[in-house]
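In the part that follows, the structures are each spelled out as structure tokens.
In the two complexes that follow, chain A is the common piece, with chain B as its partner first and chain C second.
Up next, the complex of A and B:
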């Protein structure tokens, strides 16, 4: 690597603007020095030959970084004009939905892919480019900055001092005796003092200069964490509907865990039961109209032994828990969340086998709507067979009975009723408020006798091994941000050149604070308070 | 307790108004050396007002059993209180009484705006029943309030430096900002007037799913709902019906507010015979521009980390607990991200590109506009499209 030797004897890397040791300008510089990176040699400002140099220089530019931020910002805003695909009803086709709801604007919104903007390739690319910019920007600056601050000498070049924003030159009587008082005050204010031939460098808060780089590291860690989400196995996101009384394998746990829904509780705010302060609010929306609690009382089981196909799993109880919104059940990195529910789903229906003429009943059957029996024996020669069962009944396009789903929303049955006087049996099609006798007049009918219902709870199953990485990234980011924002790097140079005393001061920000501090330090001393050379010029 | 709480808020509101006048009085150049008596009075009244509002906050917290930050009224009021709090802190650092003349009216407008929404103490829906409600919302509001101070300082800077001798883009946009502040006042006046008058007009209309439903207006309908039929007798018929996807009542309120703002603005212009900013310019002529610039920047430097912590990090932690995912690209989340990105760009431009003074001031104004957009538009317009409010 080529090098530049300063007259003070220090050898600087090529591209250095201000000597790392004494601060003497090695190039043409403005009257007031640009101290942003201590005039150190940044790669991006020094080399521009190869492709690598050009890419490096492109991404190391703050201008490019800011443009990337602004483009991402505008793109993100566009994504909020209409709801994203994940927030529209899952049953409708997005192509139709956007046009139907939002007209031709909606049509274009969909056509341009804005309905799924945040997972589009170009949005991801923007985030990735910001990541690259973060790394290169930081490396381009932090290494030379570290060198410069590490190599700085107490005694500075005269030019360096008089080109600081805060500067004074005066003749001080009795310098040797006056100095200790100032040094003492500086020390009390937290400055670390270095002395060389009667010259002083007082410095504090240098660590705040590293704040930006620390917070950029935090952001990179965070982005890596977010990327790991795409690695299989890092991330489980499943959902399950579970009925009261049911024991079900928890999806995403590979058959390891099972869950029993003991009961689902739904509560609302009722006027009489709530305290005085809430009455007005409840009046406005209506008593019983505002949800108070969604809760599933569950028991978590773990499978004992290995999985054998076709065999009932052996289960061991792990714990009982009440899952509520904001209170997920956590176990073994898994978390189960309350997300949805359905009240009063049909559980079973009962029917009397009845003589249509006399209304006499010959026994009652109860059909479990999830796992119905094939045959119900009522004794004395009476029995009922269940020929077909449609849990969610409708007539399909051919006019045949069919089922939409396995959920008993609208159950219908084809019963075959046997009696001593009807040994061959009579067929009856029974649905809610509807009976069809396909083979003519029957003597018997299945009379509806009642139904049992239960609640169903929807839970989301999550396991996310990226969370701790995101947590670390976020923490590092905050530390870096606070480090950079809430502390300042301040330096005060006091130097005697011939008969003159030169005082210069620098801070990376909050000049107002530095000036007030200097006033306190130089107050009642023979030293002349440094003057803001920016004021003088304007 | 509830009554006491409301009274304290009212007291605070009046005291902020009084304090603004004291800060106005502090503008006249000091005759004697030393502290300006008007400014001392101003900051004293401000602090008493802040304590009164703190009393409102605490008594309401006790009455409700949860921190009063759970709906739009409570959040916005708290935001206003934190603007005052941030101003007090900044005042003691920089001793710039002029800042009070701008920061307090902004806080007053914010609180007045808040009180246009339902003010009852409401019990919490399940999604809000968490300590993270307090942690997240309070931190986010403090962060935004400090950023709002940056706007107040930037406004002073711009009023001082923008050349009023001829019309330009800069004078236009500065008037635009002032017009929006005045329109907020317009909104408050219009809403309060029609509320006092007890105006109510019911419409039957067809919503976007083709269902018939009812909509009640509390202001005369300039724009009516989709295929709306006026059901209340003796009420004004709308000039035009809106398509079903637009919430006609909210649009109607916006039109009324802008209209009232326009009238107020027009009257002011007529009375002053110059731009509002030009009329304000003499008030700020003695201000030290460097100090105002520094206040604006330091507010961002102090507010940005707090905003990040409250509006992104705590928000993500709570979202992971309540909504099963730390991030879901919900409009509110996205706009918090946009705010964050914007201030990140602001800091980079300032620190690395040397955007000081006027450029930095304009950026601070845009930043505040984004915060207000997130507070007003995202809550009232965009969020209405999905279940944010209902979850």
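Up next, the complex of A and C:
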């Protein structure tokens, strides 16, 4: 391997700009030194032989990293132009929907995967490449930087000192006696002092230099956590609608757990019921307008015995709980959260079998809207048959009655009514506020007699084994950020060359703070305060 | 030194490539996480409209064309007659059809079955248990199950009569 030997005797890796030990420029450099990475040799720039090196060097470029981030940002922005797939009506095919709604732009939007951006392969690839860039950029910089800071000597090359931004050269009378006072002040300000032949290197806050790399480690841990969500069993995110009185399998639990919805409670703030202090606030929004509580009282069951889907389950009660917003039911790492509700869904409807002329009723039937009976016997030769049932009725494009869903939003029925004087029965199509008699005038009708309703609650089912990894990643991220932000890496060199005393100082940030500190250190001493060479030139 | 560097870089790149490959593969190229082609089809028991228990495991040795549907779903309505007519051809070749309705009222399902004169067993998944086990999203969804009980293919969206024929041929024992 090629190496560069400095005149101070230190052997540097090829590509080094400033000697790791004495700081002498090894290449043509500007008047003021660029101290980023201590002028060390970034590995990427030095070797470029195999294909592996070429890939490595590509990702080692910060420019490439920035471009990857910019492309990702632009793609994310484009992803907000049209709605994402989860927000379009669930009944339509996305392929048709985007083209219908937005023309050829919509067609391409869908074809390129912008409709489900976070799951499209190229978006994931972009994120992954940013991760790769992060790892390689960091490795390629932290290792040489560590080497350079570790190898630095107290005695520096004259050129290194005079090309620092803060620098002074003067002749100091009584150097030996004046120096301890300065050293003492530096020590009190937290500098660690190294001495060599009467020369001084005072340094503090070096650990601040590792901040960005610690931060990147946090990001990588975070990305790994996000990646683990795709491993089966690590992450469950499902939702379920459950009616009052219903017992249902909890999705995402592989048939192991069932839930019963005892009751759903929706409460609002009302004027009379709250304390005096809240009256003004309630008045402002209106009494009964502000939600106070969404709550589902549930019973959790575990299925016992072998699990065959569809079989009537044998259930063992685990616990009763009241799920409220931000107070999930937790069990076996699963958490059930309150997310939505629907008030007063129709549960059953009642009808009187009525003579249209006399308005006389011959009995009442109650039709369960989830599982209606086929036949309702009213005695004395009166009975009603249910021929068809449309829970969410509409007339389709052929003019036939049809249903939009299985939810009883707008129930409609085809009844056949039997009476002693109508033994063959009369057919009546009965919907809300609508009756059609398809085969002519009937003698009887089904008169609406009332309806029962119940509430429906929506719950989110979560199980997340990646959360602690994300937490650790986030914490490391913050530690790195704080480390790099709130501490500065400051160094002061005091060196005597022949009769002159050279003082130079460097910080990785906050030059103003460093100057203030140097003023306090060199105040009332024979030393000349270093001057900012950037000011001098302008 | 040069050797060491080469291997270090190769190993780091390989690890990252493997992680990325896995993530993208498991996300984009695998349909659903909990059930996929090649798995053995989860067993289930449901009752058909005549009160007979239909259990999937009883169909070992035959190809099963497992269709999930609802009466409100227009593509389901369109493909049902195709399935019916192809079933009449392929039932003699050892292909069975089970149509799992997404938990609607019996009366509603019965009306639909009568209207299209469906001859294969239609079962109702009252509690969504089978829908959950097969991770059903939008309807219709069809699972092709071979005579060993393995899932050969998962089809989401509407099928033409030509498609149905092709799929039944694939699972013919």
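A few points about this structure:
The definition used in the following text is that the second predicted complex is superposed on the first by the 351 of 538 C-alpha atoms of A that agree within 3 Å, B and C clash if a C-alpha of one lies under 4 Å from a C-alpha of the other, contacts with A are read in each partner's own complex, and residues count from 1 in each chain.
In this text, a residue touches a chain if its C-beta (ideal position, glycine included) is under 8 Å from a C-beta of that chain, and two chains touch if they have at least 3 such contacts.
Because the structure is predicted, anything quoted here is derived from the model rather than measured.
Applying the stated contact rule after C-alpha superposition, one finds that A:124 touches chain C and leaves chain B untouched.
Once chain A of one complex is fitted onto chain A of the other, the partner contacts of A:371 are limited to chain C, with no touch recorded for chain B. After overlaying the two complexes on the shared chain, residue contacts for A:52 are found with chain C alone; chain B is out of touch.
By the document's definition of touching, of the two partners only chain C reaches A:308; chain B does not.
Touch criterion not met for A:436: it reaches neither chain B nor chain C.
In the complex of the two chains, the chain A residues touching chain B come out as 36, 62-63, 65-66, 69-70, 72-73, 76-77, 79-84, 86-87, 101-103, 118, 212, 269, 274-278, 280-282, 284, 290-294, 324-326, 328, 335, 337, 339, 460, 462, 467, 470, 474, 477-478, 481-482, 485-486, 509-512, 534-535. Across the interface of their complex, chain A is touched by residues 1-2, 5-6, 9-10, 12-13, 16, 19-20, 22-24, 26-28, 33-34, 42-46, 55, 70-73, 102-108, 111, 123, 125-130, 132-133, 138, 157 of chain C. Residues of chain B that touch chain A in their complex: 1-2, 63-65, 94, 118, 120-123, 125-127, 129-130, 132, 208, 243, 245, 290-291, 294, 297-298, 301-302, 304-305, 308-309, 313, 316, 320-322, 324-326, 328-331, 334-335, 337-338, 341-342, 344-345, 348-349, 351-353, 378, 382, 385-387. Contacts from chain A toward chain C in the complex involve residues 1, 43, 47, 50, 52-53, 55-56, 90-91, 93, 119-121, 124-125, 128, 131-132, 135-136, 139, 224, 227, 230-232, 247-249, 251-252, 254-255, 308-311, 313, 369-372, 374, 386-392, 402-406.
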